[in-house]
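Multiple structures follow.
One chain, subunit A, appears in both complexes that follow, with subunit B as partner in the first and subunit C in the second.
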Partner chain A sequence: MGTEITLKDVWFHYYPQTESRENWAVQNVSLDFQQGEYVSIIGSNGSGKSSLACLLNGLFIPTEGAFCINGQPITTDQDRWELKRRVGMIFQNPDNQIVAPSVVDDIAFGLENLGVSREEMKYRIPLVLEQVGLSGLEKKEPHHLSGGQKQRLAIAGILAMQPDVIIFDESTSMLDPDGRKHILRLMDELHKSGITIIHITHQATEAFLAERLIVIHQGRIMMDQSSKELYANATLLDQWGLDVPIGILLHQALRDKGWKLSEKMESEEQLVSELWTSM
Partner chain B sequence: MDIHVNDISYVYQKGTPFEEEALSNLSLSIQHGIIQAIIGKTGSGKSTLIGLLSGLLRPSKGSITVGEDKVTATTKKIPFRSKVGVVFQYPEHQLFAETVYKDISYGPTNQGIPAEEIKNRVYHAIDLVGLDESLLEKSPFSLSGGQMRRVALAGVLAMEPSILILDEPTAGLDRIGSEQLLSLIHHLHQQKQVTIILVTHQMDEVARLAGQVLVLEKGQAVFNGSPVELFSERSRLDKLGMEPPSLTKLIDRLNERIHPPIPTSLFELDQLVAHLELRRKVGNNE
Partner chain C sequence: MSRIVIGQYIPGDSFLHRLDPRAKLLFVFLFFFLIFLANNISTYLILYLFVAICILLSQIRVRLFLGSIKPVLFIIILTSILHLVMTKGGAALLTTPLFTVYEEGVRQAAFISSRFLILVVMASILTFTTSSLDLTDALEQLLEPLKKIRVPVHELALMMSIALRFIPTLWEETEKIKNAQLARGANLESGNIFKRLAAYIPIFIPLFLSSFRRAEELAMAMEARAYRGGIGRTKYRLLQYKGKDYSLIVIFLLLVIMIGWLRS
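Presenting the complex of A and B:
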């Protein structure tokens, strides 16, 4: 049946008693994530995107408002325990989420906490290692892995718990270009296998790989659109301190010079073909 | 103060079963006052090269000359260490003092500089990095990530290095933070005429800032030349497994349709717009 996550009129702050409401980290957010979606949440440093991520997997409890899974509010510890299995999270720094002395043990750690049997582990672990491309490194010590490999190990650990949703919180920002590409490809593959992907980032180029984009600024949702719609409106990103894709900047500059191009561009592809015809 | 790297190799844990050659037979000349970019994948030897250029490591073979000072495997004291400032990756993790002032003054104090001079240097350094004086008595840990990074940079600048090494200075910063830091680097370079060695994964930064770019692969120099030269030859980039800057990528896409192709030596959007304008005018006249 999958997992549908709903936030309804959610407000959140770390010190709600001392801060006035306009400074709260998350303000009046209502969002819905269906099973199988690929969503990016973008915002600049301090926009509240990481707080939002922690609300989505139950690590933080809304100060006000409701957090529901499949329409049921999450209230008891039992609910939260179940939620942790369904909604996995990958953090920014790969070193912060690895605990065990070997690759296999690291994946087994999470499973053991969930009470998964040894037999079942022997079945699941090779499968997830294959999925993230770490087969053959079972006995390796995690601190000998590259940053990208560590991040894939963290993903394998989450996948072994068979989650419905994975949240990536700036998970590519500390990696080199190869590591970054690998993780982005993996996100796409996991999405195709039916897992909901929520990717939190400040990089517009990575965000546009998703089907749906949500812009957060000073704790509030500014936009929630398909990536095509948002691409057409991408000049707006600038005011929230986000990158405008270079194709959009070119489009705007040429229109200012009087080129007859469509007012809205839905993709770089459209820009290339229109440019070609007008030259 | 020119830098000459003459045929150096560096071997970690020499003579043990864990022996590993991180750099082999590398030669490089860095003229005083340029911005030299160093790029390469994880494990290509970038960090080792930084260690050598900053005087923290000695080469296993060959020599490094910085100005008048020469360092070989047997050199005891490395004299140029105080002339090279290094800002490591995520430098905000290295802040430690109770106040911003104490943190910035720590380096020059260790260099034995008199108190009055230190005060001048701290004020000058925060001015250079664009931090407000009101922050000096605050705890560095109460600042934003971008501000903390500038405090760390100010701490290095207060030692007045002639060579500044920056290891991925914009990693983890958002667009505004990155742009501020890059224009700061540009400004420093113009104003202070320091040599800047910039280690980065961001090709847009290389295209915008660097005068010369070194590509390392498995401990060897596989390219050293201008960014134009590096990014204009797509086949070489592919062979090195590198992504071109975002504008070059867009030009590549346009060139799938447009003939004759747009030159890939354009790194600024304005240049591309001017080029397309020219082409359109010529096209209309035909």
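Presenting the complex of A and C:
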């Protein structure tokens, strides 16, 4: 059946009584996420993207508006607890989301919370370790892992819970280039396996790896387009304090210099291909 | 990290490593009482002999045990000196203008320092051969009956496990902050003890702040993984007593009988 997430006119603020509505973290957001989508939510610091992520996982409760899963409103604590199995979340700092003193026990933590049987845990844990490339490190203590390995451990902990949706909340921002590549590749693989990926980031180059891009600025949704559409209008990102991907800047600079390139570019691959044929 | 010895787990596959953590924890707990029953040379010799056998069985280098004694060496020496100069009884062995050392003083100093040594080494044997996770699991299961009087046993065990998990992380963080402050000209090594303590304030404040932030993020990550206390939780790690665990009862009883028989 999968998990379809719907936010309808959602407003959120940590202290709604003290702030005027223009300063709320999330303002009048209406979004739909279909099963199997690969979506990036992009915004500068303080734009409200992490608050939005926490709303999607049930960690925060909308101050106003409706939050539904497969059309059913999420209202009770029990609803929100059950949501945690369907919608997993990976945080920014790999160190602050590992609970147990060993790899295998940390993966088991979420399963124990869900009340999964020991036999089922013994079946699932080696599978997810294999999936994230941490086989053989079962007994390792977390502080002996690299940043990238810690983040993969966090992903394994969520994968073992067999979610339909995984939210990556700036999960690559504290990693070295290798660790980052590994996580992005893993996101792509998970998406191909049918899991909905929601990638919260402020890195435009990473965001464009998704099929759909949502731009959030000062708590409001400014754009919600396919990445191909947004790639063609990517210079708009600049007004919301976001970096324009280098490929787009290069495309414009070359066109200004008189290179015969398409007016609108849909991807970096297209740019490379056109450059190759024009040389 | 190499400086931390007390409480550090040394992975291995010795007889002691393979014992059930609950059995080890209970045994060491009761052994601590047994130490206080010893009151003459023969009883202390038996305890020393037993500790030596345990060290051999643990297959852990003696150097590490010596390392675990180091932090408490000052207390051992201080209490021994106090006993030497303050306990009176028996023949006077050494007389100085300031104090006189009596036979009983030497005896008490030797026994008290032996108690400390045996206590520390036994505690080290327990922690060296038992992972922190096993220890918290054991504690949780041994304290299980207290749940009936609403003691939050699961929460306490989880707190302990998280605290142990974060020791290396916070240690690294302390080093980072210390280096950052040193790079900005902080002077941590000179001056009297009060000046040195004051110099550490700029290290502790950021450390506390970042620890609170970590705690908040960790709580959110735990909640995101469906944690809601002990309700409906299952356990991945299963502790089961085996034959060798029951042998600890026999060993303990033998020790009790021998010490009871030999004590004066």
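By our rule, the second predicted complex is superposed on the first by the 258 of 279 C-alpha atoms of A that agree within 3 Å, B and C clash if a C-alpha of one lies under 4 Å from a C-alpha of the other, contacts with A are read in each partner's own complex, and residues count from 1 in each chain.
Operating definition for what follows: a contact is a pair of C-beta atoms (placed from the backbone, for glycine too) under 8 Å apart; a residue touches a chain by one contact, two chains touch by 3 or more.
This is a predicted model, so every value here is computed, not measured.
Within the superposed three-chain model, A:G247 lies in touch with subunit B and out of touch with subunit C [touch as defined at top].
With both structures placed on the common chain, the touch criterion links A:G136 to neither subunit B nor subunit C. In the overlay built on the shared chain, the residue A:P73 is in contact with neither subunit B nor subunit C. Judged by the touch definition given at the top, the superposed model places A:G194 against neither subunit B nor subunit C. In the overlay built on the shared chain, the residue A:G2 is in contact with neither subunit B nor subunit C.
In the superposed model, A:G147 makes contact with subunit B only, not with subunit C.
Subunit B meets subunit A in the complex at residues 41-43, 144-146, 171-177, 201, 241-243, 246-247, 250, 253-254, 256-258, 269-270, 272-273, 276-277, 279-280, 283.
Across the interface of their complex, subunit C is touched by residues 54, 57, 59, 81, 84-85, 88-89, 91, 93, 95-102, 104-105, 108-118, 121, 125, 139, 141-143, 154, 157-158, 161 of subunit A.
Across the complex, subunit B is touched by residues 44-46, 92, 146-148, 170, 173-174, 176-179, 202, 205, 241-243, 246-247, 249-250, 253-254, 257, 259, 268, 272-273, 275-276, 278-279 of subunit A.
Subunit C meets subunit A in the complex at residues 11, 131-133, 161-162, 164-165, 168-169, 172, 214, 217-218, 220-228, 232-238.
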